[in-house]
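Two complexes are shown next, each including subunit A; its partner changes from subunit B in the first to subunit C in the second.
Right after this comes the complex of A and B.
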């Protein structure tokens, strides 16, 4: 074999393997491409755009081009009490709605799990899941109508007990409670669904063993059910947390963030800044901060998943 | 809500069920009243011969006059354009509620899109649309088309719907629909002898009965009437006002208490707010306005335009101050003959009766990114729209024209029950607009939040509320470079 042939063979082999590799990978990339293009166009590009805009002073209606202002928007966010209020309200709302929907949803899940032979169980479950299938905007509108102090059915029922029309949405505390309860009404069924999925993952043999050993209800829950169900339940709670953090549409339709700003959650504030004031710079800044917080929750979610893999 | 189905409303108008022949007749009448020849638009129209054009109008969802522009465009102008101008035109509409209309328009115009060829705008948005160059300055078009050089009913029309900046001769809009605040009262209750004698017995004076008697009333006088009809046990209240956070509801209803007393909300020349808005007088007015909630039905803080219409048409309030443009909705067939429309109460200012309420209504503006063909068709349509017969047809269908010759034509006051009050309030000095400024949305956001906080009892001190609003608005205008005066002092809290 001469030098020419020795060099030619690897080259030819390289070309073949390159083509082969291209063929193999090309197929894979071909399959991935639509999703990747979609992801880049609708997620990555707007995200980069938003991060960039957060360093600019840019209000659409002034006619001025975006003006770089460094971290002014971030400093302004840090010093604006209204922004801080929106953050604190959102975290409080998140804590309460996740706790309540988690508690109510899990209890309902346990009830349905323990009543597998109950007649009408399927219909009851379908009805129970309906609220989470509705669009939040329509939920906001019809609860607004039901809570209307002059025409609303809830207000009418409240009058039967209190003797006077209750004006739920005009006062700070009652409006906040109304927003919270509407959200719990919508999302507690999701936790029921998660709980049922979690309970289904408990091996039947272990439950039977617990029965044979005459383990008490609480001990069964703690030692048999919970170790199997905890990951799915935690994932459910984390998904609810991320979802509650983003809540905007129900508030927009139900109270518009009012009275005053008493129900203005973070999403609603970003909406008002971006689409009412058209202040793209400050809205983007708030969006970036909200995104970082959401990334924090997602990391926690991924950590929980990794825990499950380790234990598994 | 069914009351806001513009189709229903328009169908209730006399012209709602017109036959094709009648429509063509109307189109012909409109044509006869428009002397096109000789204008430069003729040249544009010639170039459109044989063309087929689609025009999209962006308007207010659920707002009857807005919907009428497309309907009149298709039912009257389109046959006219085909017959007389030689081109086909079709109108379509895009709509958004008040609150979302601005963002829908602005986000489209910001991309230099000609998606909406003609946009129904709110009067306060002229600055926001004109400053970035999104809409056409109309002076040249008006100069070249004498049919658009119209004698308007009052200076309010020009100042409110057309000029930007205020007080200049730069024209950016034309009035699509004039609108003012009027008071709708239940005439059947006023005429009830039992009510009359009960009122006479309680207050030792007679219930007002006529337009002139209401015109003479001050808020002080009207308090007795409101109190008399406030009967929570019967689920009836004296008056309905708007206190909602939505869009500009609260602000529009608070401003008459400021304007009528000779106070101001800012200085349009210096663009300063501090020291002008947050005066003791304005704080007292805010307190007075919110105190009227005791004569309003429960949930007043959530009442905006549609909620108020619901309350009135369902008999929950004896009277309400509402926009004249809502006339077709406020007086459905079931209330025809039972409602009287009068000027809202005057303010007693040092013994003089003053009345300056907030301007409503919408101009339409022309997209600066229209093609030549689209622009030519838009100009033709606008000329057709302002022809006297078209305007009278608009009035018959429930719209509020602003053309002087139309408003002063014989029998105009009788076309709709609210027209007499509409004309009265559209007269100079009785209505005023606010803020034609690019930062309008930001300024409004700040005060709607603060004012409704006060109305809901979250903020207790009206003076602190105004101090907060004045500081924030001064900051917005200073940051935007509109005023050199930075906000004074440290940022106040709402309290």
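Right after this comes the complex of A and C.
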């Protein structure tokens, strides 16, 4: 193909060879076009729009056109305590949900790994993975119904123990715990899956050697399982971290950030600023900052991936 | 250090029989090689002894004690796998020390422990690397660490599952030397699985040859080599393996002595097989096989008494100036031989071959040894 094209375009100048290569690759571009167009329309353009808006004062309720105000939005973000608390709340939430779902998920993974011959294992695994397969929005609705103080099953069970109806979502602390636990419930299975994948990467011979050498369970975990499983586990935890950082849908449907701002995670805060207060400028500014943080986590993820390539 | 006994061990995987009622004894402080082609059941047998597999039937005894239902950890064994297993993040020394620090790791004092590990490290040529973290070691050194760790508790038996398959030749010899030394110096009972017959010949006190889940040979290496009980054993050991040439048995009593005449194209004169001294049994007349090793055949001057004519079909240099020859007798029986060092005998040339009658072995058509000395028919009848 190369030889043919060089004879077809003799003494080709820069422009002509560029056009020629475009023609040759026309088929390739044609195949890529739908995806690229969608990517541009729904990702690149809104992204540029958002970055631009973050330098403007633009509140829809005032009816004024956007006014360029430089880095004022960023400065006000730095000085606004409710923005700060959205950030700190989000990081605390990330820490708790990642560690809890990581811990519970890995333990379940170990249990399922150690029970390969148990009857009903497959059914149990399938059931375990169900929460992960549900849309977060429907999970939010389910739990909102279950936590409903009048007819929710969880409230009913709580009444059996406390003697009175409990409205979990109307108290700050219990609403926060509810959001956290729903998220853990939804994502612990993901960590179970990751753990099972990680455990499958441990060579059989090493596990057998550990039994022969009479290693205790802790020594086996530390010296045999962990060195092999750590890479996949780390990737799983990082994916969970990136995901937890973006959590919005469950909060939106379960508590809408309330009561007050007690469950207002970053995504929720941006949503409220943009769609409730219609303050597009400040919402965009927070969006940009959130994006930069997410890029940070993603780079870390890619860095870890590259480590494995060097090692392997 | 223990005596290991197997009683009618049977194990199948679906239609494949990996062990067919195998009974044998591994003597205390001996090094036994389990040898056989891929899929003969040697690894299965090893894993049953280790407790990593459960037999369908039969018993495993350690020093007379039934351990068939004991778990791996309670059997007191050491094991070295094909894949070098080391415990990451620990030094070479700490790897050897780890089993001693576990439950049932013995009760050596700290100084005894150090002395013992240092001795193992020196046998395995690892002293210089004692304080190196194992993660940075090459496969060869890792396997040496695994060998040391397997013997460090002085378990009842140490099991090797093709340990040098994944290491380079130099290291292979070094590891084999280390294993041999461990067996000799500390009297460790060792079971060693390999499919490499040379390795088995070098290492073993006793070779057990398996074929399709059955033991076909069980003897000292030299005996398995010289007097294999089965045609399979003769063929499997040696490179190239033993030649089997069609022979004919017919009833031929000599005076009062019952016996058979053995005729074969490589024997200028028939040989004579006396009846079994004790039972007086004689093999069935008809087709049989003559077994002779390639190095027991010589090319001789034409006209040498007892030589038979034949042709060299092809020749290949095998090193040390020796030639591997593919030959055929005038009557069309094919055989392989190794020539003495010297000039290329050339392909497709007529030669005279001398088969040493005194070492000729007789096998039934099914490949079972008829283990009696053959004599020349004109020789005096043995008293």
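Throughout what follows, the second predicted complex is superposed on the first by the 272 of 312 C-alpha atoms of A that agree within 3 Å, B and C clash if a C-alpha of one lies under 4 Å from a C-alpha of the other, contacts with A are read in each partner's own complex, and residues count from 1 in each chain.
By our rule, contacts are C-beta pairs under 8 Å (C-beta built on N, C-alpha and C of every residue); 3 or more make two chains touch, one makes a residue touch a chain.
Keep in mind that what you see is a predicted model, and the values were worked out from it rather than measured.
Applying the stated contact rule after C-alpha superposition, one finds that A:135 touches neither subunit B nor subunit C. Shared-chain residue A:227: touches subunit C; no touch with subunit B.
Comparing subunit B with subunit C, more residues of subunit A are touched by B. In the superposition on chain A, A:260 makes contact with subunit B only, not with subunit C. In the superposition on chain A, A:216 makes contact with subunit C only, while subunit B stays out of contact range. With both structures placed on the common chain, the touch criterion links A:150 to subunit B but leaves subunit C unconnected. Of the two partner chains placed by superposition, only subunit C is touched by A:206; subunit B is not.
Contacts of A:170 after superposition on the shared chain: subunit B is touched, whereas subunit C is not. Residues of subunit C that touch subunit A in their complex: 50, 52, 71-73, 77-79, 81-83, 85, 87-90, 98-99, 102-105, 146, 149-150, 153. Remark: subunit A residues 203, 205-206, 208-209, 211-216, 219, 223-224, 227 touch subunit C in the complex.
By the touch rule above, subunit A contacts subunit B in their complex via residues 57, 59-63, 81, 144, 148-151, 165, 167, 169-172, 256-262, 264, 272, 275-279. Within the complex, the subunit B residues that touch subunit A are 99-100, 102-103, 106-107, 110, 127-129, 131-133, 235, 244-246, 297-302, 307, 310-311, 314, 316, 438-442, 445, 449-450, 452-459, 479-480, 491, 493-494.
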